[in-house]
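Chains here go by letter, A, B, C and D, matching the order in which they are written, and residues are numbered from 1 within each.
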């Protein structure tokens, strides 16, 4: 990792062998697609797990035919055991947060388009880039392999709180080797993303073509740059935390395990560790991780919206500063995950105020998007629908943050479905909508074919309405005090809420099925789609100045020169109402007033 | 209706990318014909940026370990202090000297690059000395670990020993990576295709290892 | 075919005749002193189980009968046992009913298969805590098929339910098929012992073990009694 | 399509608001002395968040309705006031609003966490373990017996690891699987976990606090209404997490005294 070799990205020759072309490729575009494929597989696995969980929650102790084939002990006779529910839940969270929400908007699209948007031939360290993907892929395999352990994967949740994560199999099924595999997988994932961040940062800072100042970068490139800076800090902290946890597990150290813990009437051979230490280290990563998932989405959505509004944002600079502010603040607020954790109650107050401050940049971003729509010539297509849907979801998920930022209200809402609804909307659904917007927008460039618009719109409508049907009721359940991470709702208090759970389950099954439309569209269009022009959306940034799909070195042995800010829409030019960044044509504004 | 909100292309080099690295790329005027321009010589120095990125990541990692140490010590009753093996101070000296020899090497190579083959002596000589000192440091750390093990202090014996091994081993692994960097530089140098920024990157990394070690030694002395 | 049947009949006659010449050890397990009062178990956490017990059941660590009889003591041949290495073919069951293990102590032969059943409307979790055998931990939601398991080494294995912490029982894995659990006030009986010299061990989960030597010469019944000292706390 | 989209957004926004306005699913009635402030904080936040939510969705929908697929001669316009106005609005309106909420909320928080328990509060120890709570009352002598983790044995129901044989204080300790407290009397809850992290959540009491392994935390509250309530675990603690619960019985003082006597007799 510290080998300082410079494989000057711009100079490597096109590969000839199949393996070099498609498997161990150094080409950022292939690596981007590999990340996308990984995210796609992971997303469908994660979604499948959520289906199983939802069915179990709505119809408790009902046999799911065939489930016993997945795990004989986890689902004897097809009936899910409580531990299997938790194991599926843990894997769902881990797969979605790490291998979908981090890889798809950041690593996949960022890899493909960041170098093109800055006009480079490739990343500066293609070998590191290739390693980044393959290390991440290995991390995914390591995680998935825990499904095949005798007692299944870990059940500790994606947050893996100590000391449950460190005492071993005595604490429950999957807590032995399952946890070690989880920790190893996440540590590997951190390495992969650190390597990625290294490339993203150097690409942005050093490989910009002439005329492309930082402020002339498209918003998507800014978002990836900010995200890579966050990733560099966050993953560099999570990795040591995972190492400590592995040591507690296999080497008998006591970083996180306190003295005199009695499990199954046996005193555990650890002493003096600090439970809260894990939470501090984890959430120092965990909160920025939320922004790592959502900020690329913000960039993609801005990028897509601009091309479809046919006018500029009210202020591009403000958007960039707001994203930067979100990134900075994300490190000062992580304690709001720990209000009732036994942390010093004064610290809770100290973490509460920066959390509330975060609403300001978030609000600014939303206001700028929304009010930029004013007076625009909005084009409605699958990409812009998902981008607009993103705004709606981001608002809905964001307002519930008002509640959770306050420690006093958190007493009631902590660890309830309110939290589940909040983060699923704001970092799950919203980020997914960003991914979809990016996919419908960039698919022509990546494959040379258009996606089917009718199917795209059907996918949008079902996803948009479905997501609200799933996640809005989560908030109501939470307000009524429905605790999360329960394998079934056995107490009298929660019985009346089960119909709501059934409604959610039906909605989740339908919405999940709607994603199959997307999958079909993706695969069908890849081979049978209409051929795409070089610039089908009449967009301005550099990726649209090159061929579709881009040649191996992105610009065919040339370097573009940038003459303009990235989004010259709503102007009069020889090609229409836009001027491309790489066009030297002078710009006549169509705007009333700047 | 206002016109020309945006300036025509800037030729002023201060607005160009790569401005921070004068001498690397950014040469030649822009051909204002609007077509994509045939690439001229353009060699940005991402390794200079990259090394700072790497050092930042390592700093974050050790910051995480440090905060873990402070929290773990503050919250526990089972912390037993022990005296650091004195060979550590010898190792510190070795690492400091290695930084000096690396600087000597860098100067030699700089002049070697300017005046090709000025003297007959190989500019890599001081690099070999640095390499040797680096290996000596790692060997010295190994001696320290053996001494502690002989005293019955293992990784899991006590939180203080856990942190000692954790910090020193992690640091030593990073030093080994630095040694790899030095070997890479020596190899490149022998083929005389070494780039200045590669040498600088390896040197910065090596010096950082020294500074990091001084910090760790101070931390271990104060906290263990 | 015919010869086979004849052989079988012969075998049965042989076995029966050997049984006729077998001895029996029977007796009673008692205690002295005052055993600690068994605490009633509060099952309010699991209403479907609480309903099944009109009066709360108590702990089953020390179960006593009239005349200081002590139940749930495993009495078995610990040496001199004619262990022919044959594993009894019948399957024994361990039932979870009313959030209680029935029986509280389940003796079994090494490698003998046993079944765990869940008669309750709630999920149970069976977590035996062996030291020499392989540890496993399985949950059993209501309506799922029985769990079939066996152990390959002799051991006294505490069993607990991870969902209902009061549920506690024992698997006693023995290298002999001559064993009994004292019941109905401490009575036990080890029939069908061929002539020989044996050591008989009585094991109680809290009070430990006691042994007695006994010699069986023919078709007789020997009386062996064990007395444990009760712990006050 | 766009107009349909705008209508969908508005319909979803209104439908989302209806259960909240109609109080279809709300927290159960508060039975604590400190809970009123939390509830108040909750409804104020709900008002502000609800208005922000509806306003943002409506504006988004209106703009989509109005500005999508315009005729070819439609002029581009910018929102009057531009970005500066929006930033100022965000800072002034939203920023000040949430800051105010935060500052008022400090009082509700302080009420629970930053005040000491009164001297005559009834001390009760709760020990969480996989997957049940047990409660300990000091008994007649007012002293808790020392605990010995190595003596903990669920099989013999020595839940706390007491040593009554050698420890006089431990002999009269009352241990129960349900928590009984007298009404209108402050309770000082000493929270201990024997294994992993758990949590103590009583919806009606407006109380939620994690157990921290290796660190005993305490909590104090006063219940104001007689009744039976659920205590549930909210910190993922293992496979039986969903079933980790106990009951809280708030009793009149005489009932409570009787209950204690009855427990002591067992």
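Just so we're on the same page, a residue touches a chain if its C-beta (ideal position, glycine included) is under 8 Å from a C-beta of that chain, and two chains touch if they have at least 3 such contacts.
Predicted model, so just to flag it, every value in this text is computed and none were measured.
The central chain here, found by comparing per-chain C-alpha centres with the mean of all protein C-alpha atoms, is A. Contact counts per chain pair peak at A-D. Among the remaining chains, B is positioned farthest from chain C, on the basis of C-alpha centroids. Spacing of chain B relative to chain C, judged by their CA centroids, is 67 angstrom.
Averaged C-alpha coordinates give centres for chain A and chain D that are 29 Å from one another. We define each chain's centre as the mean of its Cα atoms; on that basis chain C and chain D are separated by 46 Å.
Under the contact definition stated at the top, the residues of chain C that touch 2 or more other chains are 122-123, 125, 139, 158, 160, 162-163.
Multi-chain contact residues of chain B, defined as those touching 2 or more other chains: 75.
Among all residues of chain A, those that touch two or more other chains are 81-83, 172-173, 259, 265, 272-274, 276, 488, 490, 492, 590-593. Residue ranges on chain A touching chain B, taken from their complex, read 1-6, 8-10, 124-125, 194, 197-198, 201-203, 205-213, 232-233, 236-237, 239-241, 243-244, 247, 251-255, 259, 271-274, 276-277, 280-281, 284, 545, 555-561, 563-565, 568, 582-594.
Interface of chain A with chain C (complex): residues 61, 63, 73, 76-77, 79-84, 151, 169, 172-173, 264-266, 488, 490, 492. Across the complex, chain D is touched by residues 81-83, 86, 155-157, 161-164, 167, 171-173, 175, 257-263, 265, 267, 272-276, 310-311, 314-315, 318, 340-342, 345-346, 348-349, 352-353, 356-357, 359-360, 363-364, 366-368, 370-380, 385, 388, 391-392, 395-396, 399-400, 402-403, 405-409, 411-412, 414-416, 457, 464-465, 468, 472, 476-477, 479-481, 483-493, 497, 500, 570, 590-593 of chain A. By the touch criterion given at the top, residues 1-2, 5, 8-9, 12, 16, 19-20, 24-28, 37-38, 41-42, 45-46, 48-50, 52-53, 56-57, 59-60, 63-64, 67-70, 74-79, 82-84, 86-87, 89-91, 94-95, 98-99, 101-102, 105-106, 108-109, 112-114, 129-130, 149-150, 152-155, 161, 194-197, 199, 201, 203, 206-215, 217, 230, 232-243, 245 of chain D touch chain A in their complex.
Considering their complex, residues 37, 39-42, 44-46, 59, 61, 122-123, 125, 139, 158, 160, 162-166, 168, 205-206, 232-233 of chain C touch chain D.
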